[in-house]
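In the part that follows, the structures are each spelled out as structure tokens.
Each of the two complexes below includes chain A, the first together with chain B, the second together with chain C.
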Partner chain A sequence: MGQILEINGLTKAYKDVTSIYQMSFTLKENKIYGLLGRNGAGKTTLMHMITAQLFPTCGDVKVFGEEPYENTRVLQQICFIKESQAYPEYFQISDVFATAKSIYPNWNDGLANQLTQDFQLPLNRRIKELSRGMLSSVGIVVGLASRAPLTIFDEPYLGLDAVARGIFYDRLIEDYAEYPRTVILSTHLIDEVSQLLEHVLIIERGELLFYEDAESLRSRIYSVSGSSEVVETYMKGKEVIHVEKIGSLVTVTLLGKKEENNKKQAESLGLEYVPISLQKFVVDLTTKSREKVVKGQ
Partner chain B sequence: MNHAWNVTRMHLRYNSIWLYMPLIVLFSSFFINLIIAVLSDVPIYTGGVASVYLFMLITGLLTLRNTFSFAIGFSFRRKDYFFGTFLMVAFVSFSTTVLLALLSYVENNLTNAWGNELYFFHLPYLNDGNVVIQACVIFSLMFHLYYLGFSISSVHRRFGRYGMMILLIVSLVAGSLISAIITYFHWWQIIFTKVIAYSAFQLSWGIGLLTIFFILVSYFMLRRATS
Partner chain C sequence: MAQLPEDGRPIFVQIAEKIEDDILEGRLMEESQVPSTNQFASFYRINPATAAKGVNQLVDQGILYKKRGIGMFVTEGAQEIVKQKRRELFYEQYVVTMIQEAKKLGITIEQLTEMIQERG
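Take a look at the complex of A and B:
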């Protein structure tokens, strides 16, 4: 399976802050990636650099083996749907779709029409008259109907209710199964998308903290609870992500090793073993990272 | 160039602002002046046609704000955006020029100033010469004003408000300095005499050079602009 994105030593520094620092990773084709992290972690900056909408301070970005900047071959294969996408205010929804159709070679009118009906979008309504949810739906229609080999969604469903989000997930999976492409999904609703993701990238303070196969990661993250002495004994030699104390009860979030039987070990010591969600793991991991910075470690 | 044409089509979707609005204002002004001319005994020379040029300047200032982020966000290259916009400006300037030159001809040659001594489209000095010469003046003025606005907003897009502030300060200082030098050496009279000695057509070549400068500035600013 080929690589479609290669990032090497990527840094974006502003006058008083570094948004992305020495980041390197690769993405393979036809996979769904979750780009996760807290607000201000650098996700949007990273996506802007991948799509050549922002210039790196140093480092390389190669998409489909080429620099994306001013490169039509590359750019027309990338569809980046962002929450902050600006639209010409005089445009109607139909104008947005027509413009998208003119740039994305794989654009599918049938899918666009079906999604327009699913999200009940009035094609002749002006963009400036749309609600936040409708605006998000427009982005989702463009993102899916473009069938771009690299499709990036950055918080695509702001203002959408649970039903509409469900439609998005269903259509994404259906169309992805039929027309595989690489999808990067950046969102805070991690639990909702957790089952869609094949790989997870976790970013915090401009650095890539974690990059792993989602299935493997889900099997390794768990928490144990029990009395502090027993938990401390259990924690020795393990990767502790987060510790929470309530009275004498201690709950620890851990990242286990694949080959270890973490559940058996914990239960043999009388500890309560609970697999945790990806969202809980991301929260604990990024909190730990911030605490480290505060403590100057 | 295919995607540059797609950018032009994107602009064409906003034809009400690019094409119809300036004409609505222009003809509203014309008909008001015509009514006054009918009721009046004296010849009327009016600058109502300036509204078209003002529209070009304002459109130049607003184009980037309206469409640049959208175009870049929708995977257009900056170069395609620039050339697609250039095509649009050329199309609007050309079609408006044809219309204004035609109306100037009708006013001057066919209707004897609309039968009521209303000089709206055919003004002294600006509309001297044959129709082709007049068209060149109109076209170069429209292009010039559009790219004056466009280059200013492209500096803003590239360098933000601090860039604009520096541009403003530098322009003010340079303008004041030049003005002070001209005043000190009593050159104003000489300059005016020399400028007036040229026809509007000759001057249009001069502003053409300035227009090329604005176009180049816009191009290089946009090449490094972010969405």
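Take a look at the complex of A and C:
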């Protein structure tokens, strides 16, 4: 299958901070990727470089085999929906859609109309009169209806409630199933999207910590709890992500190897084995271990 | 839309099990058409590739079969195949865990047998 994005030694450094450091990876055609990490991890900087809105300090980005900078052929195949997308204030919603239609060759009016109804968007209302949620919905309509071969959503849901987010996920899956494309979803709401993702990229402090098949990663992450001595015995030689102590009870988050039967091993020691969600894993991975002291014990 | 539980098992396994349940309980009859992988993906809000993996697993086991250009169907005799498969799992999944839990609680095998007989 074709590669649509190739990143090599990509670095973005500012005067006193490096936001992306020596990052290299490739993305394949027609898959859904999750770009996960905390605020400030470098996700948005990375997406800005992929979409030619920011120059790298060094390293290179190739999208569809070409440099994206001032390259119309490449840029009309990328649709990037940002957290706070700025449209001209005097535009009506219909003007935004007309502009998008003129940029993206695969734009589909039928889908745009359907989504407009789903989100109950008033087409002739001006951008400056829209609520935060409506603005986000406009972005989602553009992102989906453009059917761009590389579609990137960077926290597209500011102001959207659970129902509207549900509509977004449903329409994304339906349309992607029929018109496959590469989608990058960058979000904090990992639990909501984890089952949509085929691969996950976890970024922390400008570095790519994980790039793995979502299902494979999910099967490797778990936690065990028990008394500290037993847990410590169990932990030996294993990759420990996070440790939490409450009195004499210890809970550790671990990253197992695929072929190991971690569950059996833990349970044979009398430890409690719990599979954990991708969201908990990312939180634990990017939080420093802390000791919880329960008072009064 | 239905949500699959986050129980640590791969999603494609859970999808395959849901389809098997439908066959076992007669919601999906033999020789009837099953929803497409895209319909499964939308319904469970999962990646279509994952849904396809679950469905293909059942094709490999002879529980579903593909009719070219039409879709996916339940094989004749599928219910029996699923039953056989589940019976093999039954001992590990239910009997062994039940006895383990009973031991923890100090329930004897005799008491356990009695409970089963009462219930059955």
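Convention: the second predicted complex is superposed on the first by the 287 of 297 C-alpha atoms of A that agree within 3 Å, B and C clash if a C-alpha of one lies under 4 Å from a C-alpha of the other, contacts with A are read in each partner's own complex, and residues count from 1 in each chain.
In the analysis below, contacts are C-beta pairs under 8 Å (C-beta built on N, C-alpha and C of every residue); 3 or more make two chains touch, one makes a residue touch a chain.
What you are looking at is a predicted structure, and each value in this text was computed from that prediction instead of being measured.
J.: Since both structures carry chain A, what do chain B and chain C do when superposed there: clash or fit?
T.: fit
J.: If you stack the two complexes on chain A, which partner ends up touching A:213: first (chain B), second (chain C), both, or neither?
T.: neither
J.: Touch test for A:275: chain B only (first), chain C only (second), both, or neither?
T.: second
J.: State whether A:195 touches chain B only (first), chain C only (second), both chains, or neither.
T.: second
J.: Counting only touches as set out at the top, which of chain B and chain C does A:232 meet: first, second, both, neither?
T.: A:232: touches no partner chain.
J.: So in the superposed three-chain picture, is A:89 touching just chain B, just chain C, both, or none of them (first/second/both/neither)?
T.: first
J.: Just checking: does A:78 make contact with chain B only, chain C only, both, or neither of them? Give me first, second, both or neither.
T.: Only chain B; A:78 stays clear of chain C.
J.: So, does A:129 touch the first partner chain B, the second partner chain C, both, or neither?
T.: Neither chain B nor chain C is touched by A:129.
J.: Taking the superposition as given, does A:173 touch the first partner, chain B, the second, chain C, both, or neither?
T.: A:173 sits against chain C, while chain B stays out of touch.
J.: Once both structures are aligned on chain A, how many angstrom separate the closest C-alpha atoms of chain B and chain C?
T.: 27
J.: Which bits of chain C are touching chain A when the two form their complex?
T.: It is residues 1, 4, 6-12, 37-38, 41-42, 44-50 of chain C that touch chain A.
J.: For a test of understanding, state which residues of chain A touch chain B in their complex under the given definition.
T.: Going by the criterion above, the answer is residues 48, 51, 53-55, 70-72, 75-76, 78-80, 82, 85-91, 95, 98-100, 102-104, 142.
J.: With touch defined as at the start, can you tell me which chain A residues reach chain C in the complex?
T.: 31-32, 166, 169-170, 173-174, 176-178, 191, 195-198, 214-215, 218-219, 222, 274-277
J.: Quick check on the complex: what are the chain B residues that touch chain A?
T.: 3, 6, 9-10, 13-14, 16-17, 66-67, 69-70, 72-80, 223-224, 226-227
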